[in-house]
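First the structure, in the form of structure tokens, and then the observations on it.
In order of appearance the chains are A, B, C and D, and numbering begins at 1 in each one.
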Amino acid sequence: MSEAVRRTFPATAESLPGVRAFLRERAAGSGLTEATADDLLLAASEACANAVLHSGSDEFEVVWRDGPSAIEVEVRDRGTFRRRVRVASVEGPGGFGIPLMTALADRVEISEGTPADPGTRVRLTKRRSDAVRAPYE
Amino acid sequence: MHPGRIAPMLEIAPTDDPPGLRLVGEVDLDTVAELTAALEPHVQSGGEITLDMAGVRFMGSSGVQVLIRTLNSLGDRGRLVLTHPGGSVRRLLQVMGLDRFDNLEVRA
Amino acid sequence: MSEAVRRTFPATAESLPGVRAFLRERAAGSGLTEATADDLLLAASEACANAVLHSGSDEFEVVWRDGPSAIEVEVRDRGTFRRRVRVASVEGPGGFGIPLMTALADRVEISEGTPADPGTRVRLTKRRSDAVRAPYE
Amino acid sequence: MHPGRIAPMLEIAPTDDPPGLRLVGEVDLDTVAELTAALEPHVQSGGEITLDMAGVRFMGSSGVQVLIRTLNSLGDRGRLVLTHPGGSVRRLLQVMGLDRFDNLEVRA
């Protein structure tokens, strides 16, 4: 991985369009197929939405890393990971963010901030050549 | 667009024929409140609600949550028809298997 | 991380008690608190259940790595990751495995097998000293 | 236990007072079918079902799915009472926020 490009955003919902503009701009210059870029954009957008909704941080950072065989997007905040599982029967539909990241990226890594060691880091990797998309069944 | 300024991220226009909404922009955290509000009267009255998705270039999980809540509220009192979704919305719907909702129809 | 201990299991539901016996045995010798060991056991058990349910592999491998500051459990199969998000309103309650791993481990990494490059690898890390558990709220 | 042999992983014994089941062992993929079957008549008849969890040393997400399905089916026709859950089951219930089901009670 080379060529890391970083951008910091305020942790508000209004930042998300700007995050996507940033990611679209990077993707355009990266030679990704549109489908691959779309998957990465959605996965990364979910990670950023989580930083906004759950981290309690004032800001979050997005890092784009362009590699020969894969693209990595990292989203970092300074908060504590909220350890819970959403159950639809109690809370209504939701809890789709991390499952979407997992379904869309080829590799997902979540390092969770704790009270003693704050800062959640989500790394999403997409291979350049995943011509074959496993279908939904 | 002016540099440093961001256009309104979701335009929601009511449509009469078919009854529903035309959406243009991005459906996400910052715009779902408006979408929920615009859907509310349709959910109340039930029947078929058509969302023209041709102009939606991004939808995130908070948008999907609104769709699912709408489908759940409608139950068998109504249905949602999504027309002309672009590639990224189609991908989202497919990964989430939303085609299996009885009261959702996706029309190319 | 040192001291990797590996064990291979047939990818059937009947293997899961044996997986847990293996993990309990390792945990007992590792000096983890009971609560930490329980969290890791549940997270790892979910990863193994997924290898059984979804990977299509005949077997899966469990690796225990004991490090000075953290314990890592890795679960590897030879299958293709099924890219989908469960929606309770359509499929009923479920899709709790990866969310549970995320809620219970301190670090989760999922590298997904594809048709072109099969083999899903889930790595779950638990810090040794996470005295402070973020509460459910 | 004999080396190389694995004891039955979940023993399910009916209890009369209170009406319900006493579970001993592990509730997971390989044992949920039995648990579902044992719960079935109670779900049919409704009322209060008590599960004595003191002997459950492990429960995974497939066990939780059975509990949630049971709670959903019971609705306001009945409730589930879990008695004496050990540390790992309590942790699972807490992380999943199951205490917020109206018809579930957990008793230490």
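Basically, a residue touches a chain if its C-beta (ideal position, glycine included) is under 8 Å from a C-beta of that chain, and two chains touch if they have at least 3 such contacts.
Quantities reported herein were computed from a predicted structural model and do not represent experimental measurements.
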Handout entry: Contact-graph distance - origin chain B, target chain D
Key = 2
Problem - Intercentroid distance (Cα basis), chain D paired with chain C, Å - result: 23
Fill in the blank from the handout: Whole-angstrom distance, CA centroid of chain A to CA centroid of chain D, is 36
Handout entry: Geometric centre distance via CA averages, chain C-chain A, whole Å
Key = 22
Practice task
Mark out which residues of chain D touch at least two other chains, giving numbers and ranges.
Solution key: 68, 72, 95-97
Problem - Per-residue overlap in chain A, given as positions that touch at least 2 other chains - result: 83-87, 89, 93, 96, 100, 103-104, 136
Practice task
Counting only chain pairs that touch, give me the topology of the graph as line, ring, star, complete or other.
Solution key: other
Problem - Touching pairs - complete list by chain label - result: A-B, A-C, A-D, B-C, C-D
Fill in the blank from the handout: chain B residues touching chain A in their complex are 6, 9, 26, 28-30, 58, 60-62, 64-65, 68-69, 72, 87-88, 91-92, 94-97
Fill in the blank from the handout: Listed in rising order, the residues of chain A that touch chain C in the complex are 80-89, 93, 95-96, 98-100, 102-112, 114-116, 127, 130-134, 136-137
Problem - Touching residues on chain C, where the partner in the complex is chain B - result: 83-87, 89-91
Handout entry: Complex interface listing, chain D residues touching chain A
Key = 68, 71-72, 95-98, 100-101
Fill in the blank from the handout: Residue positions on chain A within touch of chain B in the complex are 13-14, 16-18, 20, 34-35, 38-39, 41-42, 45-46, 49, 52-53, 92-94, 96-97, 100, 103-104, 136
